[in-house]
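Before anything else, here's the structure in question.
For clarity, chains are labelled A, B, C and D in written order, and residue numbers in each chain start from 1.
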């Protein structure tokens, strides 16, 4: 039911008393100033391109310290990110998937979306503010024992990707970034929390090290096999929309209505469901199994 | 103290572990995908122009119904808007004033601001999401008895105004809009709530009426003198930054330090304060009294 | 040889004394003003998209009257357009084809071109001004008996097309436009020049007529079978780049150099040649035969 | 009379048979493809700002070598630039002045111009191509003995300046650039042409020298007082529009028509004239004497 209300809020359909409705009454004052509208720029994004909105927490290092987030990863904080992202992709029906890691999330809209006539600022601000508002709204569900001290902000941007390959490379870029950062953070906090180094010493220790070096430090010094760390930390979170059969109740009198209803009559109907995954997006497997993304 | 934390979050200064810091380690995978960055567009706004961010509630008609806002104006909802706006202009030190009415707010940045290198999306999303997050965060202070049912989103846009006159005309446009909408809503809801008309009948009754007609209906039918309605409803809310002397405590041993400290020694220091006003912005008076805005 | 000079002019390589070279000498005056540079906007076009520059004659109706162009089509004027376009696609090596009709020409750059870092204004102005300058330069070759009375200008714009299908549809749009305009003009001028109608009468006569009606008028009233009109008029001109073997002279002593040279040794080498065609671009045939366009 | 034709060509008024006029006849093919129009971006420039179009020769070092331009300055080439620029500011009535030096020219449009709805690409390409076309068209007038070997191209860009001070600083920037380049070139070519140095030697000789050093070399080694070099070389060329009385012939029978005609009756009428100046734009004098520029 909440999601119905949400859809009504997000929907570009006009409200009962749309702005501008009242303006029919002539007003010299009004028309005299209205020219300032012409200073607003048109910022429509190129049609027929994958549209990605990436949002990113502002000052989340300070924010996570202030709220004593666990290092290197705070599961509750990550799950809160996922929950807020889920509201966003439920509200914006033209999204096909979302990918999140750390304090950032990327929302992928199907290439032929015409949301808000593809106006860049309108899309970016609505997505970003809906996410931020829900981050605060859902906080108590994930941190019932820890009051929120300050409401965070996020920045957001729209980026267009012309081909399916470009979109895949974008997501690979973010997931590779997740891997690199998480490996670094895992070693860094092991050195600090278990190895007794100061932040600065840990930083120095890691300067110039390659992935192999970091894996080696983790294993030899802390008996941590990086590849056995949680997938959620190493791969980030993918929220994927996919049609799946859901049970449906059909009133007795409609049961034999039409041949089209046969599937429903069998007790199931296809519905878009959201799957929360922690899997590899860089290889081909995910894309072979989910080719429906391309033609959503 | 919260506002200190807030400043740290908003500040474009780098965090202790900035993104990108970890990328020094060579990574084939990483560099291979990083080209997708070049698809992000540069969107710097023209320098030396007044920069206005206007945000606007999405689907607030449904939102206000859902939360039983009082008609035609809900003071608590308006005050919540003001409170969220106040956080925004405290956080963004380059703002000089903000103007709000109904479910919208305009934030005016000084013309020489270089916030986020004047990147349009970055400014619009940060302002809009900080506002939305605080709308949710501050809700319980204004509606202690009424739980928030859904987190709202806002859209936002950056607009540049080259001259002081253009900026004044912009604010006049919004205040004229406030007047027109509020007059309409005041009569409309009088007809519905006191006159017993349906929404549709009230709409029909007002079709084609001029301001004078509406004033007349209010007065003759409901004994309401529109000009005696609350200024907050008729004029909207202006949050104005202005330097004002604040009392200062000086340690005994620093008292005769330097001639520069004379004012402080007298027990006061100039600090930027935020004034919450409900006044006319269209005439000259406000601008004569607050000429400091132009050179903030 | 001219085309060598041309390449040097167009090439983004720096000249011997590039602008800015001389600026090493410190100059207070200079640095004081240089901030104005920051007012120039970045206008890079989305990477990996087909880039089309369409130019269009300004006021060519008046221009063609002034120079007594033949109606409905002046072959010499069309050939002059083609000649100027040929200079453009020779100079800009990243073009793959160009399509022209009436007083407009579209230049298609391969999707991965990085010409001028894909800066929109730079590309549009260079292409348009090179075309305009050559239109004047080549005029005497096509109108030896008719002095140019005034130098024309053209407007130009860059448009990005994300997919091959979008590019084809763009070219189909222009060719359909060519057909519609040419059919109209052919009947219109038949009515005026052969039928003795005034311009206004001809316009009235054609109001509301469909393609079939126009064909019928041409045939029954003037014995013109539209489908036998020149392809150049009905289809417009396509300048296509394609590799073709050109005879090559090889010095005797290099003949048995290497296996790579076998083809050259046979007396031919593949070179990009420009073909001037008047064919259908809407159907599949052209694109099947010239699939090299996609991967130029 | 030519300028009348020119105005008709440039004017945004529709021609007798505007494009699109013929499209009233329904065409499936046409409408099916027309969607590609939506890929064109809206690029309107911010209203109420000074609009400058700066054009710049492409590869003019090679071009000037090819045509044996005199070093360091070729008066005929500079005068040709001025002549082409004059056509541009005659054609575009919203220009107020133009400033040129070397192979570049800046055209200043009054801040409230609405030319082509302030569409950036349209303005930039029309100005640039009109200039380039006239550069070729007028070439024989300035180089009667020297045939043009190749038609040059120019790049152009639109830049907006919000305040009068920004506009002045822009022009000061270009004039300071003129000074710096011309001083360098004057010494450089003196060293090469009179001093017998090679290009490379001259370059080495000047590396790291300040303005004073260059003046000293000129004076002590070549007896050249730089301040006595031609103003055209040192200051560049300013084409200024200004109203000036022009003699007017009045038919006898209209002489006593109305009081408004008194000035005309005296035999003069105010007309916009173009003055070709070589003066300082950096100091205040020019701007005091030509304050009409601000309110053209």
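Quick note on the criterion: a contact is a pair of C-beta atoms (placed from the backbone, for glycine too) under 8 Å apart; a residue touches a chain by one contact, two chains touch by 3 or more.
In this text, all values refer to a predicted model and were calculated from it rather than measured experimentally.
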item	value
Pair in A-C, A-B or C-D that repeats B-D, with over half of contact pairs matching by residue number	A-C
Centre distance in Å when subunit A and subunit B are each reduced to the mean of their C-alpha atoms	27
Whole-Å gap between the CA centroids of subunit B and subunit C	51
Residue list for subunit D, restricted to those that touch at least two other chains	39, 41, 46-48, 160, 166
Chain contact graph, described as a line, ring, star, complete graph or other shape	complete
In the complex, subunit B residues that touch subunit C	38-39, 41-42, 44, 46-48
Subunit A residues within the subunit C interface of the complex	46-49, 111, 160, 162-163, 166
Sites on subunit C touched by subunit D in the complex	2, 5-6, 8-11, 15-17, 19, 22-27, 29-30, 32-37, 39-41, 55, 58-63, 66, 87, 91, 116, 120-122, 124-126, 128-137, 148-161, 166, 169-170, 172-173, 176-177, 179-181, 184-185, 199, 207-211, 214, 282
